[in-house]
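For reference, the structure is listed below as structure tokens.
A, B, C, D and E label the chains in the order they appear, each numbered from 1.
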């Protein structure tokens, strides 16, 4: 449940714009990374003390500040003050558990996304809120935990190759969003493999445990859908409104991420269809097996019922039962039973019940 | 039923704009609260006689009048006259049971919301209509009963801190709406806990009572949905139409409540999915158990049928049945029965029916 | 069926704009009522001969002509000619069985509504087409039968109080529409009571008759929905297009009726959900009862099967069965049977089958 | 299947704009009808040779050319050349099996409709593509077969009465569309009667044949829906785009056909609901009957099982069974059996299983 | 699974705009075809070395370059450089498994489609991504494999007849799209035949294998739908946005393909309905047969149970059973049994259980 709905009742009634952290209590240290670069230079520091963070003076350079951990609300607040973030933006950053959304506050904007990772231990999708604040020449990224999908971006920044060093804050924003969305495909692949494996195994021998697996897959797909679905609207409004000061040459890149998102949504829906199909397969194979059991058993019972009647007939103690005195009476009775049994078998087979 | 549909047949055919109270008859006294404030001063009175209520002369100050109880229709009418409310607005305030809506009457507007609270005694959601009338420098709030979710706002007003004293009537309106919507999260949390508890308990031992709980949860979710769903449209049109004289700096706040509303709707839908899942779980576990019973019992019956037939066979009274005279006939018959029984058990097990 | 689909095949191929009456043949006399009024004067006549009906010369006054009965097509045609109605408007008035709609013909407009009433005798909703033609200073209303929901309007006109005498033809139109829509709430209340009563009764003792009641409620709700659903679009387009020469001060009133319509549609959908819930309740309680019967009966049968086998065993006629000669053999056999029966009962109870 | 999907694979890869006839091979002669008229004159010819067909020189007159049969592709091509139809229009006319659509080619437009008729012989709906090409002063209509629903239009043209002679090509187009749509009501009536009859008969005695009838009705409704549904969009775009040079005074007439189309779609959906209801009725009555059979039979079996056990008990051959020697033992046993049977019957009845 | 979701996790984190091939590894040689033509001349070469491919100098002529095989990423990259394709376009071409889409990059555009072919061997639909890049006077087409549906276009180009040589790059684009869409009808025909055959066979003798066929058809229809559905939006935005420098005279042609696409989607939905109907038919016929088996068997059992009881009765060993001594006791018992059996048969038949 916790994954589907972040408790926020303690926030009810608070002054709007108050930063309150609502995730699980945490004791990790918060770390701050800082990259300042243009096409030529790159300054990069991996554990910056808060005091030394400043809004960029030189707007020619692009500044990226990445914060791992938003449970130290004061730090978020301090950064918010330095970069003049809107109070509601600060609240949304600290208050994890937001739906993906984009909010334009005039001179800066806030993009909230869900970063998904497959948790091998619990065999489920873990999610984390990533908040991206973007100003004219800077991007702030806030994550809940250490560990992310941004390493390729760090590498590209450092190796000094390509567009990312030239194209400013909006392209950096795109790169971060793209990294998160690209990782959704990895999750999809894991889920796809599960569905395929389960399908193959159930074709051979469906059993009760499969029901648990199906319900598990269903829940993970529901969870994934909840994280990806609103992204469609977010990215579409990013392109449409021309907000967030996105340059014209960056627009096709955002359109590309948008297309990926639609493809992911499509695939999630297809997977949901397939899992429903597995459920139907399970139910029909269970009911089929049960029907077969009942049918064969009922047929056995039915064949013996007339035979048992015949046996009962000649077990009666009437003083005068002519057949009983006949020398071959017993064999005659056995023969009669055989005829009845064969007759019923033929009848059943002819009506295709066997 | 009463919660889902407020009787209003007695109103049919009345002159439009007639204030008619349609809730349960009530004998509570109606109380009127009054707050008049600007950044510097705050006048506040908690039980104001009607005579002393006046429309604000000094439009520099913001006036908030809160009425607990709309069953004294004359009072509502009197207030309506003082603040020059549209007759239809007065009718809507008195005629509780309205869908959430916003109505712009040119120089003032009316916002109707449902305030939800969890009723521990009846184990269900209670709702109450809150009507918010807003003019250039005043807000009137009408509730059906004493007791509300506005205390944090009263505290913030009195403690003189923050935006609420500076930003005028539209921000006050926002604060009231936000308080109501924030409280929805508290209800969601209660419902979420119920669903989780029920799910865990059913995984262990599903029984008939769970069906009642499921139906109960379903009804509460339906009720909640009915109250929250129209709010989406209301808040979206508030932003869009620029009606109700909302200043530009208040718009992001309303957008924030709008986002919360969408998150609530999303969660309600997820919860409905989960409750449907519980229903499926119940049905499948009941049918599963029944199938198991039938299967085992049928198998027992089927094994004994051939045995009983053999017993019947040697209970026949034919004069000449060779086996009967054989000294070990009885043990032979017992042996035959044992072989048949084992054979059938092996057959059943091989076909995985056992 | 007749209520759901008015036969109109005889009209196929007719010249468009031909007035053809398609309801049941009728012999009632058609009556014409006439109200002409302004704020000061009111002329009212209750059985006006056709000859004396004239288009208003004095456009300062508002004219309302109400016709009970459209089966005398010539009368409709004559009125149409006097007020210069469009041929298609005349066709729609006579050809009852129209979907609710609004049609703007430039200098006048036609509003078609369904007036619903609960028919106690047949225990179903009766409907009737009400066509409202509106011109600059007149309203014509056509009904299929005597008896309507307009009496409060007549009273208000005569008692000379309020807006209806001052605000012209568009407000009169609103008042007529509002009277019809308000009456829908009466129908809803009747249906709501039925659903509630049925639900309570089924919780105690569901039986086959309930199925009939459920199907009956379903049909009435379908019927109601068919009448109300298109009204939403009609009223929304009335506001939007500014057609039908509606004055600005009348617009909020139409918006109010629109809100009522949405509330009715919402309630109808909620009722449909509830009736579906009743159906599920019925099905699950029936299948539950059947399962219980089958289970208990099967258990009884299963307990006796091994006992009967034991009895059969000692009914065999082998020459040498040692137990038979034992003095306490009979009591031993009875004891064995008792042990078997108890064992099975304990086993069943432990697996919770009993 | 053929009715649902016209084979067109032979067309794949052809030059676009090639007229290829794809219906069943036909040997009927193609006939061409020609009407040229204004308010005063009417020239009409019923079997015109192709050579004499010419585009209208005198644009004061309206020209209607009706072609029965499009399998002679050359003729279609020739007419297309005379009236300068767009190659794609010619292709659509010949290539029957199009969805209803409207296509504007600048100086002329093409309207494709499905004309439905009830085929008594095969007890199903027959359809035929009617393509209507409209230019400034002419209308060409192409049908697949002889026989149509246009006779009332021919009569009205010849009898010289009314609007059709005065209002030009667009009104003629409207008249043709209206005739086709009006005939849909005839089909609906036939279907409605079938549904009603079937419902009444099933209430009395549901049997397997009803399933066939239900499936048949379902298919016909699906077929009808497929033909009517796209018409809504077609007629709505005709009004909206102001295309096809429709005069302002003809617009209300097209709006009227549009309303009819919506009413037909509504009724088709209602009928589909009703047929689904019949299916549910069938399924529930079948399962109900089966359950009753099983219940009564199981009860009979269950009552006799303990009785048979008692009989078996006293059929045992133990040397010492005290009851056997008792003089009234037999009658005592019979009495015991009677008590058991009555006890079970009372128990069953008390639990309402009987 | 592979057909429904192309693995792309290896791409996650790559620099956007990197061409990575994600299909199955391939060793086919890539071939490049080249057509350059205007109304008068045609140069055509079927295996062009990469070095000789150049962007068109003479923009009067139309250039078509068709590449069979995109797994040699370098070649795609090289072509992209020559024609100045956008990096994202190059990535989409190489990264097969895209949803159909259109992307406008200012001076050129990219259209991605799925080309479907029926694979007789695996009895399923094969798909292949076809990427069409269009510039002012050139079209590049990229396919995954040799073999396509473009031969009629090649023929038309060479035979020098018709519009395709005159109307420039946008008409060529249309021709390619039309060829792909036309081929969908061939697939539909195959699927339609399958559904019809299966339906006929199941009406006679439904069996377990049909379930497999139904699931197979369902999957193929799902697959087809996934490929065709997005095409609707693509073609509609092509017309709407006026992008891709489409001349006005080509617009009706694209509208025609759009209509075909809608017809295909419609047919796919109809087929899905029909397959669902087959599934229902299967389930109802299976459950029907099972019910019949159970009913007849239960009736047989039930008739014999009382008979067996009577036999057991007279098998009791009481010392005094008067009937036993009666000379015709045996025949009397047989008669009694006959009466019971006949009585039950009559009762069953009267209640229509037989």
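Structural remarks
The criterion applied here is as follows: a residue touches a chain if its C-beta (ideal position, glycine included) is under 8 Å from a C-beta of that chain, and two chains touch if they have at least 3 such contacts.
Source: prediction; values computed, not measured.
Minimum number of contact steps separating chain A from chain D: 2. A turn of 145° superposes the CA atoms of chain C on those of chain E, with the angle given to the nearest 5.
Different-residue interface: chain D and chain E share under half of the residue numbers found at their contact.
Chain centres here are Cα averages; for chain B and chain C they lie 26 Å apart. As a whole-number value, the distance joining the C-alpha centres of chain B and chain E reads 42 Å. Within chain E, contacts with two or more other chains are made by residues 294, 298, 301, 305, 308, 312, 315-317, 321. Interface of chain D with chain C (complex): residues 149, 151-152, 156, 162-164, 174-175, 178-179, 182-183, 185-186, 188-189, 192, 195-196, 252-253, 255-256, 259, 262-263, 266-267, 270, 273-274, 277, 284, 291, 294-295, 298-299, 301-302, 305-306, 308-309, 312-313, 315-322, 353.
Listing the residues of chain D that touch chain E in their complex gives 1, 4-5, 7-9, 11-17, 86, 88, 98-99, 101, 103, 105, 211, 215, 218, 222, 226, 283, 290, 293-294, 297-298, 300-301, 304-305, 307-308, 311-312, 314-317, 321, 323-330, 333.
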